[in-house]
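Below is one structure, written out as structure tokens; the observations come after it.
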Amino acid sequence: MNLFTTVFIMVRRDLILALRHKSELLTALFFFVIVVNLLPLGVGPDPKLLSKIAPGVLWIGALLATLLGLPRLFAHDYQDGSLEQLSLSPHSFTLIVLGKIMAHWLVAGLPVVLITPFLGIQFNLSGPIIAVMMATLLLGTPVLSLIGSIGAALTLGVRGGGVLLSLLILPLYIPVLIFGAGAAEAYRSGLDMSGYFWLLAALDILALFFAPWVSAVALKVALE
Amino acid sequence: MNLFTTVFIMVRRDLILALRHKSELLTALFFFVIVVNLLPLGVGPDPKLLSKIAPGVLWIGALLATLLGLPRLFAHDYQDGSLEQLSLSPHSFTLIVLGKIMAHWLVAGLPVVLITPFLGIQFNLSGPIIAVMMATLLLGTPVLSLIGSIGAALTLGVRGGGVLLSLLILPLYIPVLIFGAGAAEAYRSGLDMSGYFWLLAALDILALFFAPWVSAVALKVALE
Amino acid sequence: MQWNSFSDFIHMGGYGLYVWGSFGICALAMIIEPLILQSRNQKIRRQVKRQGGQP
Amino acid sequence: MNWFKYASPASFYPLAGKLIPYFAAITVVLLAIGLWISFFVAPTDFQQGEGYRIIFVHVPASWMSMFIYCVMAFWSALGLIFNTRLSGMMTQALAPTGALFAFLSLVTGSLWGKPMWGTWWVWDARLTSQLILFFLYLGYLALTSAIDDSRRRDKAGAILSLVGVVNVPIIYFSVIWWNTLHQGASVSMTKAPTMAHTMLMGMLIMALAFWGYTIAMGLKRVRCIILEREMSSEWIKKNAVE
Amino acid sequence: MNLSVSNLSCQRGERLLFENISFELNPHQWCHVTGENGAGKTSLLRLCAGLTNPLSGLIKWGGIPLKEDTDRFHQDTLYLGHANALKEELSPLENLQLMSQLDGSPATEEAILTVLDRWGLLGREELPVRVLSAGQRRRVLLSRLTLKPCPLWILDEPFNALDRRAIQTLYELFNQHLEQGGLLLITSHQAIEMTDGMSVNL
Amino acid sequence: MNLSVSNLSCQRGERLLFENISFELNPHQWCHVTGENGAGKTSLLRLCAGLTNPLSGLIKWGGIPLKEDTDRFHQDTLYLGHANALKEELSPLENLQLMSQLDGSPATEEAILTVLDRWGLLGREELPVRVLSAGQRRRVLLSRLTLKPCPLWILDEPFNALDRRAIQTLYELFNQHLEQGGLLLITSHQAIEMTDGMSVNL
């Protein structure tokens, strides 16, 4: 079977499922928006303080928004027996998994990137920093989905899976968080920030090559 | 059937289910710990800044930790048909729901209250503020579970329920967050903070009387 | 030998609480872990004996 | 000598049983020497006074916690490649001890930090990455304890520890960059200026003692795991429980 | 006590499933609800169990409309549907213990073990339900028939996934139940090998 | 192409389910796997579908061990288990469209509608599967038999929840499949009304 066909079929399938109720797409986004908006309520309305911590908070929001959808990544297909059928399909299972991960990113990661400017304005961030934020999020969120899929596969069908998943995955997300939030900080301090972009890109490539494969192996184990 | 027996049976049942794997109890806790620990990685290690935003962040962490367990509150029982059977039981359904909520609090809320001192130390909070934080969390987290159960019931069986739930519930959590984080802030500014405690207690009582009943009604609708 | 007396030793130049705290918790951990393992071992052995008939 | 012979639980079980007493003995002797050096040979530090003696447990515990994670990854790789059952059991036998050392490193470090820096905790690179390592251990333990089918537990645990070990250096360096960029922390870890010869000696001996302890515990725990898993197999019924 | 159904109609979505169904079920009687796939058998049973509300018509238990005395009705009925309502992580023993408590008739461990023995599940009472086979799960569920003493049984395809011997056991329970004055409302696509039943065809 | 199973043993947890099972299935043949609840029928079928690995023994398809050419084997088999593998939110039509794509043999809308008609689901093709009855879901699943042309069918209790007419349709499909040189491995607690089958008892 053709590589792209497989990925395309899966992305399409999972998007159809996600879009069946349009609310699902919007809610992932709104979770991000609400979490970020809770912060001023918690720490007080001082604008200086807020704009100082904004990039970090936006990144943590993105992390949590990605995380929130992860348990569902394979769980539904596992419960109703579809995953078993997918593993029996003549298509490559690794590519099928890659397709699912891409669909997850399109639903959970991309909207977060696109809404960032609005939140940036709320926190009084300047235009260039917002641009930096968007660029790092665009580079970073795919890594989140990719690494996350490993955790989702490992915890599949395991009791308490959702929370267990966070425990496994959040520590692994830390480099992405640091590079992502670091780039904005570096820009603000007038330092060179290209290093952070390269690092994020490197993580992207590394994860793209290994994560789908590792997830597929873990899923096969879960299905036994 | 006796009021307390019903609640007791349900609390026991749900605790048995939650404790089946001890990891589950610990993971809800560690999610809180990790989320709170992500913050410095996002916003930088400046201790002054961190101790300033700590109370708010702890509260948001508690909010999210409660939230994370909410979709599971009724979903498992719904999927495997147990909820249907519970609604047919001769025990009062409202009390059954109350039992489930209490079990949720014991697993998700209480551990968060108990771990707070350690996180407070990490953020350089002083002893008295930590005490204030614990007291407000102790008063506030039951409200979170109670209100949350309404959302969990309303989104039951709805696709994308997990995220939709956050969307419905987080806005309702805002008063709790404001009173809770406000108390610590008031203490730090040397203001009177008993008002916040009374407000939290009032929310507690209000929620205790209405939330289980509203949830029970919503559940019956979901079951039709 | 830098200790003039036993109480000096315990006092640790004002750092007694921290030093003994550190060593104490390590000692505690390294005593408790073997004990837990021992009881786990005994439990499983009893189980084996019960279901295996003769050991 | 055929190493693969010992890859089977049935032949490893008695071997482990024989080795444990030796390692236990080595541990006790080294601990005695190490404690003697820490408290009676090592001189008082002119900067930190007696407080620095914490180093004799803190550093070995930190080392062990990092090292054990690597050993776990090694066993995991072995298990995935050769499909030996023993590897998974070894990984699971080491994890709790590794987590314990990570925890001890954190606690002794904070107990050291309070008198030295006046605070239990700072967001220093090393402290932070040690904390993350502790989280990684907890993740491993939580995952393996949540799965009750042993084959799946082995494989899932192996995958997780390998993914983790690839990430540990990434995490470590990222945390260093994070910390140097912001320059926020008012204190940074004071490297002991010129590590006195005796101090190094004491640390090394304590580290060796911890080594012995880890091996003894690992072997002991792996024996428990083998028994639990192979309870119904013939060789256990015949000779394991004399 | 009898179950009387009068002029019941049921609509799902846009589709009218059935109209003006009436029947009466008295002690010692059983009723077989038949119909094609999708005819509305499950819907009818769920109506009779009080889980959903009818479009029109009335269901009475002992002469009293269901909604007016739900407590007693819940005490008096046992409804087993397509779903097994078992907790996957608990063992059959624990599942039945918890269920019997919630049913308001707590059963002792021995009582449960006796029932499990009857269903051929002894030796599996400590395994998590998750690893049991389809038929074994169904057997655990059916154990509740013995543990909750109540007059009205509403069973939706109880024979599903069961082997010959289990079906035999089930027939024994049915006969015993009917003899003791019980009522039985049942659907099944397999023929029911009992005599003197009434039948409702949708 | 034939399926040959030799000396297969299967262990689940601590329990040895069966040992040294051997049989060979050739084109035009069908095989009925029988046994009590929990005997290991589902486990055997999952082994034959390549979903789990045996404790010992070998399964060959066309003379080649399963694990050595999974791609071709997946192309050649269709396994339908206890679970329906349907997406609740999608309609039967959409479900089958997506599945046929993943099966590597995309079907046109007309083709699918024809099949749905045969299973008596016309008029329901746009409803979400969630609202269908138990038997109707099963029918949607069984529609895949016609949509994926492949020689080896492995079916776990396909008659479950089906009414008379649907069972009849299924038999027609079986006969057609066997005539065309297909192989059929099946479990069922109901007697199978076809001739000349072999049977494996666990």
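The chains carry the letters A, B, C, D, E and F, assigned in the order they are written, with residues numbered from 1 in each.
Everything below uses one rule, namely that a contact is a pair of C-beta atoms (placed from the backbone, for glycine too) under 8 Å apart; a residue touches a chain by one contact, two chains touch by 3 or more.
Bear in mind the structure is a predicted one, so any value in this text is a computation, not a measurement.
Minimum number of contact steps separating chain A from chain D: 1. The set of chains in contact with chain A as well as chain C comprises D.
Fewest steps needed to get from chain D to chain E, stepping only to touching chains, is 2. Of all residue numbers seen at the chain A-chain B contact, over half occur in both copies; the interface is built from largely matching residues. When chain pairs are compared by contacting C-beta pairs, A-B ranks highest.
Per-chain Cα centroids separate chain C from chain E by 57 Å. Taking the mean of the C-alpha atoms as each chain's centre, chain C and chain D sit 16 Å apart.
For the pair chain D and chain F, the distance between mean C-alpha positions equals 49 Å. If you average the Cα atoms of chain A and of chain E, the two centres end up 46 Å apart. Residues of chain D found to touch two or more other chains are 135, 138, 142-143, 146, 175, 178, 181-182, 231-232. Residues of chain B found to touch two or more other chains are 20-21, 23-24, 27, 30, 34, 41, 44, 49, 159. Inter-chain contacts, as defined above, occur between A-B, A-D, A-F, B-D, B-E, C-D, D-F, E-F.
Those residues of chain F lying in contact with chain A across their complex are 49-53, 71, 74-75, 77, 79, 81-90, 94, 98-99, 101-104. Interface residues of chain D, counted against chain F in their complex, comprise 149, 231-232. Against chain D, the residues of chain C that register as touching in their complex are 1-3, 9, 12-15, 18-19, 21-23, 25-26, 29-30, 33-34, 37, 40-41, 44-45, 47-49, 51-53, 55.
Per the touch definition, chain E reaches chain F in the complex via residues 12-13, 35-38, 41-42, 82, 120, 124, 127, 131-136, 138-139, 157, 160-166, 189-190. Put simply, chain B touches chain A in their complex at residues 18, 20-21, 23-24, 27-28, 30-31, 34-35, 38-39, 41-44, 49, 52-53, 55-57, 59-60, 63-64, 68-69, 71-72, 79, 158-160, 162-164, 166-167, 170-171, 174, 177-178, 181, 185.
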